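Have a look at these structures, which come just after this line.
The two complexes that follow have chain A in common; it is paired with chain B in the first and with chain C in the second.
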Partner chain A sequence: MMFNPQVIIEKLPELGSGLFVTLLLWIAGIAGGVVIGFLVATARRFGGFATNAVLGSVVEVLRGTPFLIQIFLLYYGGPFVGLMLDPIPCGLIGLTVYSAAYYSEIFRAGFAAVPVGHVEAAGCLGMTRLQTIRRIQIPEMALIVLPPAVNLSVILLKESAVLSIITVPELTATVSAIGSQQYAYLEAIFILAVVYWALVELTDRLGRAAEYRLSRLRFLKA
Partner chain B sequence: MTFKLFTLLLQAALSTIGISLVSIVIGFVIAILLSAATLSGKAIYSAPARLFVSFFRGVPLLVQLLLIYTLLPAIGLNVPSIVAAIIGLSLCTAAYQAENLRGGFSSVPKGLIEAAEVTGFNPLQIFARIQVPIALRLTLPTLVNESIMILKASSLVSVVGIIELTKMAQDLASSTYQPIPIFLSAGLVYFVICSTIALLGRYAERSMARTSA
Partner chain C sequence: MTLPAITIRNLVKRFGETTVLQDINLEIPEGKVSCLIGPSGSGKSTLLRCLAFLEESTSGMITINGEALGFFEKPEGKRERLPPAQIRAVRAQTGMVFQQFNLWPHMTALGNVSEALKIVRKLSKADAEEKAMAQLRKVGLENRAGHYPSQLSGGQQQRVAIARALALEPKIMLFDEATSALDPELTGEVLKVMRDLAEEGMTMVVVTHEIGFAATVGQQISFLDHGKLLFSGPPSEVFAKPRHPRLDQFLDTYLDRGASMLI
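So, the complex of A and B:
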C-alpha cells in the first residue's frame, strides 16, 4: 500500500476553495437556521393552538426524514414545480430549512426551561408581555440554549458534507475530485477526515469557552 | 406513483431497517468496551478509546464511509460494500453510544455501589446487577434517539452503491422521471419508521419505570 499525501498538498488552492464553500454554507446555514428557528419557536409558543400544531408537524417531518432525501426532493423535484436551483443555493436552502427545524426545538426547550416564577414576577412588576419576552425570557433562554446550539452547529458542519452528493463544490466534493484526478483517493479522503476533525474540535472548544464566559457573566450579575 | 413503485420502496425499506439494526447492535457492543476503557482510569486503555470517540464524532459519516470503503481494499481486504457500510455505521454509532453510556455509568449513585459492596456483592455482580441495569435505564432515551439518528444516517450508504430506501428512491426517480412523488413517499416511509421507533422507545421507558417502582 502506497501512502503519499504529497500529491494532495500540491493541490492546496483547490482544497482551500472547497473549504471556503463549506465554511460559507455552514455559517450561512447556522445564521438562517437560528433566525428561522427562533421565529418558529416564538410563533409556536405565543401564536395559539393552530400555529403550534401546523409548525409542530412541519418540524416533526423535517426531523423525522434524512437530510439526503430532503436535498434530493429540493434539487431533483424543484424543477418540476418551477424551482430551478443551482447546487450552491439549493444546498444553502436545504441546510437552512433543516437546521431551522432543529434550532426551533432547542429554542422551544429553552423557553420551557425559563422558570414560570420569573415570568410571573416580571408581570407583577408591571412589565408588558413583550417586555417580559424581550428582557426576561430571551436572556435567560440564551444561557440555556448555548450548549445544545453549539452541538447542533457541529452536527451541521458534518451534515454539510452530504451536499457533495448534489455536486455542491464544497470540501468533500473538491477533495474527493482531487483524489480521483491524482489517483490518490485514500490520501485525499484521509486528509479530508483530518480537516473535518480539526474543524469540529475547534468549534467544540470555542463553544465551551463561550459557555464558560457566559456562565461567569451570569454569576457576577446575580 | 403507482402501487407497484411503492411496494418497491417498502422492500428497500426492509434493507434500511436491517442495516441500521445490525449496526446499532454491533455499535452497542463496541460502545460498552469503549466506555469501560474510558472509565478504567488507566491511560493505556482510556487514551485510545477517547481518540476513537473523538475521531468518529468529529468526522462526517459520509467521509467515514468513503474512508472505510477505500481503506479496506487498500490494505488487502476485499469485502463486499455492504460489509464496509455496516462497519462504517457501527463504528460511528459506537462512538456516540459510548459517550451516552459513559454518562449513564458515571451517574449511577456511589451509595448504591458502596451498599452492594457492604452486602457482599463481588465486583462482577455489582457491575452486572447494579451498574448495568441502572445505566441502561438512564441511557435508554439516548439509545432511542441514537437509533433514529442511525436510521436516517443509513441513507448515506446509498453513496457506496447499496440498494436501500434512498438508493431505490433515487433509481426509481430517475427511471420514472417523477422525483417529487417518489422522494415524498420515501420520506414518508422514513418518517413512519422513525415515529415507530420513538413510540416503542417511550413505551419501553414507561414499562421500565414501572418495574423499578
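So, the complex of A and C:
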C-alpha cells in the first residue's frame, strides 16, 4: 500500500465544506464562550456569595468532565428531558457551554489581577461599577487574559473534532468518511492533522500580533 | 464659627472580631489642614478610608458639609444605607490620593486626569482635556501629559494622581500616606504640591508619617493609637511640652532619626 494523498486532494470540495462547518462552530463557540464566560465571571465577582457558589459548582462540573461525555449526554440524553437537538445546534451549544466554563476562569483570574486600588480610585472619582468595569477593569485585564484566551481557543479547535461522534459534518467527520470510502485512512488522518495544525499556527500568530500591539500601545508610546 | 467640613460622630469600624476604630468623634475644620498621625495599625488609614467611603463603618455617622455619607440615621437610631447615586453625590465632595498612586496603566497622564471628566462629568473630549491640562500644569507636569504611568517616576505619578483628584474640583482632599512609597527626594516634590494646595485654602485630611509636614503645615493634629483617638488639637498645643506620654513615646522614634529641629 502506498501513501497517496491524491485520493484526498480529489475530494477537496467536500473537505472544504467540512472545514467550513468546523470554522463556523469553532468561531461561534469562541464568541458565545467569551460572552457567557465574561458574564459568569462578572456575576461571580459582584453577584454575592450564593451566585458565586452556584456558578462555581457549575463551572467545576463542566471542567471536571470530558467534553466527549458532555456532548454525548447532551445529544443522546437530551431527548429524555425533552431536548431534541440537531447535530449542528447541539454541537454549537455544547462547545459554547464547555468553553464558557474555561473562559470564565480566565476572566476570573483577570479580574483578580487588576489591583483593588485601581478600582477604588475609579470609585472615588465617581465612576459607577459598570463604568469601572468597562473603562478600567476590562482594558487592564485585556493584556493579562489574551495569552490564556488564545491558548484556550486553540484547544477548542482541536476539541471540536469530538463533535464528529454526534454526526456533525465537520472536518474530522468529513475526512474520515472520505478515508473509509477510498480505503485511504492514513492519508486522510495525515491531511487532517496538517489542516488543524495550520489553523492553530495561524491563530497563535494572530494572538501574538494582538498581544504585541496591545503592549506597545500601553507601554511604549510616549 | 464656620461649619466643620467633616463631622465624625461615634464612628466604630470592625473587621470581623477586630475593632479597628473605637468610637471616634472628630470635626475637620473647613479650609484647614488636618493631619492624622499615629503608629502603624492605629487605624488612621482606616479612618481616612471611611471618609472616602472605601470602608463602610460598622456604626456611627459621618457628615460631609452637612450631608450624611453612606447612611442616614433613622429616628430610633438605626442606620440605613443611602441609594448609590446619593452616596456618589456626597463622595464627589472629596478627592482621594493613595499611597500606591493607583494610576490606570493603560492611560496616559492626560487620560488618567481627563477620564472622570469625560465619563462622570460628561464633558466633551476637548473640554475634559483642556481642564485636565490645566491641572497637570498646576502640578508641574504639562510636559508629561502624553506619558504612561510606567514612564513616570514615583513622584511624578503621585502628582498626576493629585491632579486627577483635583480635576473634579472636590471641596476636601484626602491623602493616605501619599509620600510613603517615595524616596526622600521625590517626597519633597509631592509635599510641595500639598503645601501649595494648603496655601490656596483647600480643606485637607492628611494621614502621614511625615511629622515635619504635620508640624509645619498641619493646623489640626489628631493622634490615634489602637483604634482610639487619643487627642486632637493645634500643633502648638499637641507638640508643646509636656506632651501626652504616648505621643512622646511615638515621637521619640522620630527624634532618634534627627527630626528634633522640626518640632
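FYI, the second predicted complex is superposed on the first by the 218 of 222 C-alpha atoms of A that agree within 3 Å, B and C clash if a C-alpha of one lies under 4 Å from a C-alpha of the other, contacts with A are read in each partner's own complex, and residues count from 1 in each chain.
Methods note: a residue touches a chain if its C-beta (ideal position, glycine included) is under 8 Å from a C-beta of that chain, and two chains touch if they have at least 3 such contacts.
Quick caveat: nothing in here was measured; it's all calculated off a predicted structure.
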Legend entry - Superposition on chain A - do chain B and chain C clash or fit: fit
Legend entry - Partner chain(s) touched by A:Arg135 [first = chain B, second = chain C, both, neither]: second
Inset, instruction - For A:Ile69, decide between first (touching chain B), second (touching chain C), both and neither. - result: first
Legend entry - More chain A residues in contact [chain B versus chain C]: B
Inset, instruction - Answer with first, second, both or neither: which of chain B and chain C does A:Ala121 touch in the superposed model? - result: second
Inset, instruction - Would you sort A:Tyr185 into first (chain B), second (chain C), both or neither based on which partner it touches? - result: first
Inset, instruction - Kindly classify A:Leu15 by the partners it touches after superposition: chain B alone (first), chain C alone (second), both, or neither? - result: neither
Inset, instruction - For the superposed three-chain arrangement, provide the angle chain B-chain A-chain C between C-alpha centres, rounded in steps of 10 degrees. - result: 100
Inset, instruction - Working from the superposed arrangement, determine the closest approach of chain B to chain C, counting only CA atoms, in whole Å. - result: 25
Inset, instruction - List the residues of chain A that touch chain B in one complex and chain C in the other. - result: none
Inset, instruction - Sort out for me which residues of chain A touch chain C in the complex. - result: 115, 117-118, 120-128, 131, 135-136, 139-140, 218-219, 221-222
Legend entry - Touching residues (chain side chain B, partner chain A) in the complex: 54-55, 57-64, 66-67, 70-71, 74-76, 148, 152-153, 155-156, 158-159, 166, 169-170, 173, 179-180, 183-184, 186-187, 190-191, 194-195
Legend entry - Residues of chain A touching chain B in the complex: 1, 60-61, 64-70, 72-73, 76-77, 80-81, 157-162, 164-165, 172, 176, 185-186, 189-190, 192-193, 196-197, 200-201
Inset, instruction - Sort out for me which residues of chain C touch chain A in the complex. - result: 52-54, 84, 88, 91-92, 94-96, 98, 100, 102-106, 115-116, 119-120, 146-148, 150-151, 161, 164-165, 168
